[in-house]
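Below is one structure, written out as structure tokens; comments come after it.
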């Protein structure tokens, strides 16, 4: 039974609002009266626009997130050490270690909207079954032996594979090999936490272990045929029903683009720059409602034109080496290195002897909400 | 010219990441080794999932925002006092005072996604021309004399009028009367600041003052006819081209629903509860890409069933009185009172002699991203 | 129990296929052997492309339908005479007399896809209840006293009103006045007959007569408010739920366009040519799935640029007079005159002292199927 | 310069309208006066509803098209004979022989909307370049050696391949082998002729012969990867950009469905009945704007439940044998046999030792226009 409050602010002993009258352009002249007004604002949980507008409404996006790069060998080392010290199981749920953008106050957020983590599973281990509203994917840089099991469908994970998984599906991971394995998880955890849309439900405390992990999952057998769909599922799914995008297809598609370019066809993004987008076969749109995933291949010596876009991205070098520059910060990159691209930061990439790059971003959020009506776009 | 850094964290003298090994269910046992690992995580800008999961992935949304109510007379008083002390003009741009949700750390955010403010313009004043990527609307509780001028189209603002205005249109406000006037502004400032999508451009330093402010704006003359569209504009607009939804139409639509209900037709949300949604006539969808706006009318003595929804809302009582309960907090409400409904908070409303309520929310964000595949919805 | 036939053509004593070997460009040389082949084709129910291609695949659309005009006074006279000789009731269902395009072999089709008829109801009469898959509308040139009753909602019909009615809704018509009344019916009967999609169900043998025919129908009270929708119906309807588009709104919208044009705003199709499209308020699209309806107003002395479009249309002069030219045939037109515009025929219209024109077409069929990817469009 | 006609019917020496007053239920009693009225109708190009309604608006679809089957060996024989007597080239354009439904008056229409033909190309021949608004596909029952060249992209045609080709693309066919080859063409010629939307343009008089016909066409190399799209083409195409759906994929998809069914998964249409739909990878919808294509596989002994749907279809047996019944007519079928399914005809199929069936239909027309709001659907 709620107590009906005559004063709405009675319950606020001290206000989190803090205002200070300062001399400055476009600011009212400090005075005792202004000071009284600001104290009144604080008591009433009010904040004026005129003291905040430069931070709230800048001329163009000025993200708190900063360009940053994580080296794969250090990430892997931290994960392997966690493999010794931390058990995987109910409660902690996963042995996943997230990239924390230095500009975001120590939160486990690669960008304001995106979560990127390395997950590590020892030989024989299993991560318990759960489901959540957050959308997720796995991307495999190296190793094999693990399968992810989604709604009872076991899907092997191998080098170069991309495994999207829409929210609210039961899933667990199992490592039935005799080697540990690590991979990258991407989720929209920061966005869903921000937007207050998070639901989570634990399943059985142990992983779902099928008797046999088949070479090709049920989802691949149903949906992994180019341009074909089962007649039993004629409509659009909100996220892709294809649960593994195998490396052999990605590799072939990129190789074909570069070969067709060499034969004079205009099929690449720019000279020497092939790229594919992973899509939901039921509607041709992004694989997940809130995240876009792509794979880029730069031919030896190719470089991208500098570009920028609204919305943030995370990239992982898959193979090759080169130089990346993001918002004025540059790195020499090697396989496995991960870097973030904050919204509106200018990016350019240059390959040594070729460079393969996996990329994911929050573009579906930006595009579905129509937030860039009149702006140029670039690439990761 | 960027300096290529061999160490990605060289620029980080002290990490914002702070981790502490604690005893607890599902936590690794504290040890010197774990401590070393956590220090390593801090240095490497890494955060494990297992220390954060309960906060990041709760069973259902647990918003930082709290239920809160602001009384109109106090808001108005604070705005009027600002009218004496603060000039309106370039830089500060508007004499707008925002509701700061007590749970959001003193930021000028009514909810994580929504801005709600009272704006106040003295007799004869004008607010300068600008445009921004943020979507906005005005809603008028009382008074008249002000016009908003959008791309040169002057639109009078009167009691009960709802004036949406899509991002990136030039606009200013003018008060050509001999009385001050206040109204409510709603914007998606918090969301666009969060998603790093904000663009802002100042126009002329003074307001756009047409020679004559016509009774009916150009936009209303083109788009304010039920079921008709100009043949010159056959496609969907990303936001409504109708710039004022006049009170007379809203009032008539609500009265008709209650009258039809009385004649036995099933046209209301629930007994005694009429409601309309303001829509974009070019596609029938929400008026703005990121914000939904509705008007609810409760007949004398009517009460709503308790309901909850994913996403947050702000409501203003327009007329009448009654009791509102949000997430266990209750208030007696009067005309002009504003209250916030955090995501997933249970709401119920009861009218005394009838209650008219204006409501806006971030539902388009939630719905376009498909974030509530399997959940019940309720009402404000 | 079907008899399994070894020969598929056993049941065909004589074939409808008739082929003749002729001398001609691109034709095989006549010979006894060719003749034998053509006889074989006939027996086997086969027709070669090479004898048919010029008719089947012309360089641009060559409709069998021809430009034609029907004078209102003669139509009305025929309808009134029918009012004396023909009863309205079950079986015949309606006292409707259809325009038969002279190019379509005497079928009651104004164009290959569209039905247009005058319907006539004597004082006191009622047309029985039925429903059908065909989409329909009424347009009122003159008179009043009749109401159409759709799913129990009685809707008065007055001069200038446009009443769309989606397929498969129960409906009847009643004339409770002491005068006969005539109006225009438009339906997609030819298209649905062609595509074999027709369903029909009779209801009660008598018309649905409510105790009182209200001034404003239920559908108008729910849906006739600009930019507002009942919250109980948030989704798109396949056809408009607004069942009368009153003349006062159409007239005001057209007058506003011409007035705004006079003030220097670019809101008309071309100088002196205002036009609105009737739309489904739930999605901004055409009122009916297969038919588009528009109203055009030419200012005194205005003339349209010659235009052509893929798909056919029927127009009725509502007020004023002028000259119309369709595919090389011209007429002086008066109120009530109806004319057809075959696909791809060039149209131009010139007003004397102003000309108001109602128009409907099969454009939704053409547009939804994407049949005009690369072609210019014009106007009726 | 048109002559403005005062009488609209001056140009009609004799009317195609023919009306006769007859005794009958729901018909006005014959009389001299009624006769005069009907003569007046004829002169004025008018037809009353009451004499036509039973044919125009039947209770459910009653197609003029009839169930019919064409035997492959006879079709092939007629085509081969044409290969001797008829040259392929400009004007006749293609050596294609169309199925003429016995109910459609000898027109080259398999159903009211669909064209189905056998096309035959001798060793070394080429069919000249042209483009047309009609959408088309090829389906290959047997043979190889021919390539279709679309916008310069040469695509080999082999057994089981399905090659859709959207309207208005330049195309030709070449047979560079030493054997003749025949295949099936499907087009929407009847629909586009009916709707008056046909455009046609000849290209060079000879076929487009690339130096080399690669194993895998450009379109397959760009678009033939499951769930991947080139980043250069991020939007929806109105028709599929994938120009060959190879048999190996179709076969694998069907085999997987039956295998998964055997393992207890609910993935087939009904027991023993696997089916895929060919889709446009850019949006997951049908491959062509007006035609749907599917492939069905019945396991040995399987039979379909009787079904019916609105809209018409054509099926070709690809492999196996069995019994088909359409609208009460039954046939024993063999590979290559083609049969038509008129709208609303009940179909059932039973396999002997398994039956593979290719099927195409006008379902996109029916569905995009929303013509079956409330009706059950079945299968071919």
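By written order: A, B, C and D. Residues from 1 in each chain.
One rule holds in what follows: a contact is a pair of C-beta atoms (placed from the backbone, for glycine too) under 8 Å apart; a residue touches a chain by one contact, two chains touch by 3 or more.
Since we're looking at a predicted model, the values are computed, not measured.
Relative to chain D, the chain whose mean Cα position lies farthest away is B. Comparing C-D with the candidates B-C, A-D or A-B, the pair whose contacts agree for more than half of the residue-numbered pairs is A-B.
Distance from the chain A centre to the chain D centre is 45 Å, each centre being the mean of its Cα atoms.
A straight line joining the Cα centres of chain A and chain B is 27 Å long.
Between the Cα centres of chain A and chain C there is a gap of 52 Å.
Of all residues in chain A, none touches two or more other chains. In terms of inter-chain touching, the protein chains here make up one closed cycle, each touching precisely two others.
Residue ranges of chain B in contact with chain C, taken from their complex: 218, 221-232, 234, 236, 240, 242, 245, 249-250, 252-253, 256-257, 259-260, 265-269, 275-284, 287, 294, 296.
By the touch criterion given at the top, residues 2-6, 8, 12, 15-18, 25-28, 31, 33-34, 37, 40-41, 44-50, 52-53, 55-63, 65, 68-71, 74-75, 78, 81-82, 85-87, 89-102, 104-108, 112-113, 117, 132-134, 167-168, 189, 192-201, 238, 289-290, 310-312, 323, 325, 328-332, 342-344, 362, 364-366, 368-375 of chain D touch chain C in their complex.
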